[in-house]
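One structure, as structure tokens, below. Some questions next.
Labels run A, B, C and D following the written order; every chain starts at residue 1.
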Amino acid sequence: MAKIITADEAAAMVSDGDTILVGGFLAVGSPEAICDALVSSNVKNLTLICNDTGWPDRGVGKLIMNKQFKKVIASHLGTNKETGRQMSEGELEVELNPQGTLIERIRAGGVGLGGFYTPTGVGTPVAEGKEIRVINGREMLLEMPLRGKFAFIKGFVGDKHGNLRYQATGRNFNPEIALAADIVIAEVDHLVDFMDPDDVVTPGVLVDYIVRRDI
Amino acid sequence: MAKIITADEAAAMVSDGDTILVGGFLAVGSPEAICDALVSSNVKNLTLICNDTGWPDRGVGKLIMNKQFKKVIASHLGTNKETGRQMSEGELEVELNPQGTLIERIRAGGVGLGGFYTPTGVGTPVAEGKEIRVINGREMLLEMPLRGKFAFIKGFVGDKHGNLRYQATGRNFNPEIALAADIVIAEVDHLVDFMDPDDVVTPGVLVDYIVRRDI
Amino acid sequence: MDVREKVGRRGARLFKDGMLVNLGIGMPTSLSNYIPEGIKLHFQTENGAIGFGPSPEKGYENPYLTNAGANPLTILPGGCYFDSATSFGLIRGGHVDATVLGVLEVDEKGNLANYMVPGKLVPGMGGAMDLATGSKMVVVVTEHCDRNGNPKILKQCRLPLTAKESVDWILSELALIEVTKDGLVLREIAPNTTIEEVQAKTEAALVIPGEGVKLMEY
Amino acid sequence: MDVREKVGRRGARLFKDGMLVNLGIGMPTSLSNYIPEGIKLHFQTENGAIGFGPSPEKGYENPYLTNAGANPLTILPGGCYFDSATSFGLIRGGHVDATVLGVLEVDEKGNLANYMVPGKLVPGMGGAMDLATGSKMVVVVTEHCDRNGNPKILKQCRLPLTAKESVDWILSELALIEVTKDGLVLREIAPNTTIEEVQAKTEAALVIPGEGVKLMEY
């Protein structure tokens, strides 16, 4: 059984300096109530692993505006100009990854792999400092796994066993993020008793806490 | 639209010497009608990539009994003694992989990765001849991708667009195999017009042909 | 016809029936307006859908169904959703038949640069590197020269690359160029230009094929 | 009580509430019969399910729902299905809290051998290497000696390994042994034996902890 908590209780678990992974693509499929609670808790010096930095008023972008990160690992920052400002003024360290490499690094961290070779990024600034190896006649980069202390994910429907299901493109990074953290907290729009086991996308055993939106 | 064909038409596409991937775990979730048609077609010298070699009268085991393979890449052979006999008498080459490594090699082949590092198999016969590397303080083996010419998979429900859904533990290797072959042929128990896009497990664009069981 | 319509009409005829296609934001999206009759394409959006349809009517948006630019989408019968690992598995694994991208620079080796200008703020590459590296056919659509009239089709890219040796076709309002091992082969020119004008506006040397250069049709 | 019941009863008390557990075929399965009240476990089968229940009644089998030995299963409310890549992602990624395995040999470094005997036909390792390598806690259950009375708990495994330095607990009908950096610590002995007898039947040296050796309870 996943324990049901409030967004504030979720945010209170996070300490200054922690690494957090947050689901969502331009804030679609991001846990908004948890993001709001993290802004209120005002925890600082976090490292963020997320596809992007959302919008100034949506998703993890709200934490960017509140200057809660010391480092961001993402694939795109263009929808939140404050991220760029903090980066260019040296307030924020940013590591940009190709989106497919970023999600695969998170997956590797979650499923116990020590890294993988990918053709993406060969011959580009992404390859700097990385091992290059020719495999089956093609140049490949070695990319390493990523993990964090907390995963904050967003499900459309959750059940009391922690099983999750997403809707449409709200799925995005959420299922892989749920594998790659010590503590997984899922915000859900709807909570049900249980679901058809063939319908489950994220197995409930991965989810430690559930934050409900429907109460 | 996936083209709807018979099992015999599917089998007729395969030539002597081809590499085929077949879904199923001890024949649960294996395309039985296609396996029967491959036995009838009597195509020879195939290489098989499959979790196991099924049973003498179920799944790919039927092709084993008919001596249609020159090589098998699998994780387990114990339920089909004929595989062991062919192997020990030098009629069949067998490469055994840990099950998690096997499915991940197939996935790597399907998603365009050049290989990955895994801790599984370190210090065991599986490590022989493989690169070992210490990553994050842990010894890891480099494992390489696998692909084939044909993927024969088994869905519970398919739609006319090729989208597939599985039932229970019949899913197993099928979704990854669908990514790792040039031509993908899915046998389905039931064919519908279309399904809820959130219910799809294997995207229809991966499936070239469908073999129906329900007619 | 403006540049977008010219590029859109000709570009759409590069597709074959049944292809899985990913269109970048901006000019690439315009191709979807001109798909020839009898050609059915599957459109992928890298945030996790195949088979999306036109934008929804106002008031019928689903906040959970958007494209890679966070604009609302609809889904067609036969469509499906998946997570980002699967989406980029499809892209990097060569399951996407065609990707159409805009560029800052492209060169005669098929190198392309479209995500950063040193000294300027880098918004990030998003999915562009994976799309350019993994897709079976990479089509670059672009105005032939930049705002200052300088060539964008170069002997060698000067900006940091998005992907190395990955472009198959370059399409502008003036020309359709195929990237081959022997260099940039000029396949078609627009009705209002000449081979000489196209070459003058292209830094890289263009190869004139033995079978001749066709007039572009829209 | 036979060996299976002894091992099953004591082994089941190694679990904590809420654990995700994978039980190997044979003796390991017997632990599921003795889970203490108040302890709810989630059972995984590596062919793709969590939360399976008892075997179905005859006539109610679902041919698509089986365990890793192809025997029919039922699923409990809250259970779920997934593909093999996810299943072994859970295993290798450390999400499985406890795995119970049978062995041919286990040694004082926590090495274990349970899948091949050179010269004999090798049926294959199936999921055993991943389970032994990836699970947070690896429990070996075994008869203390083999059929000929020879120790199975060795100074160093002689058979090819299934996994290196991965065993946490060794449980037999005679003893419960913890694998530590300082060697094999004898935690409990069965009521009908002595420390001396256990050591005599164990090739590796057993460490007697300062806090003493407990009597095993069932």
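As a working rule, a residue touches a chain if its C-beta (ideal position, glycine included) is under 8 Å from a C-beta of that chain, and two chains touch if they have at least 3 such contacts.
What you see is a predicted model, and the numbers here were worked out from it, not measured in a lab.
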Any chain that touches subunit D and subunit B: A
Between subunit A and subunit B, what's the gap in Å when you average each chain's C-alpha atoms? 32
Nearest whole angstrom, what separates the Cα centre of subunit B from the Cα centre of subunit C? 35
Whole-Å separation of chain centres (CA-atom averages), subunit A against subunit C: 29
In subunit A, residues with contacts to at least two other chains: 104, 107, 111-113, 118-119, 166-168, 197-198
What are the residue numbers in subunit C that touch two or more other chains? 49, 75, 81-82, 85, 88-89, 91-92, 134
For this structure, enumerate the chain pairs that meet the touch criterion. A-B, A-C, A-D, B-C, B-D
Residues of subunit B touching subunit D in their complex? 25-29, 51-52, 74-79, 84, 87-88, 96, 98-101, 103-104, 107, 118-126, 139, 156, 166-176, 201
In their complex, what parts of subunit D are in touch with subunit B? 45-49, 62-70, 73, 75, 81-85, 88-89, 91-92, 111, 116, 121-130, 133-134, 160-165
Per the touch rule above, subunit B residues touching subunit A in the complex are 104, 108, 111-119, 133, 135-136, 138, 140, 144-145, 165-168, 197-199
Within the complex, which stretch of subunit B touches subunit C? 1, 107, 110-113, 159-161, 163, 179, 193-194, 197-198, 200, 203-206
The answer for subunit C against subunit B in the complex is residues 18, 20, 40, 42, 49-51, 75, 77-82, 85-86, 88-95, 134
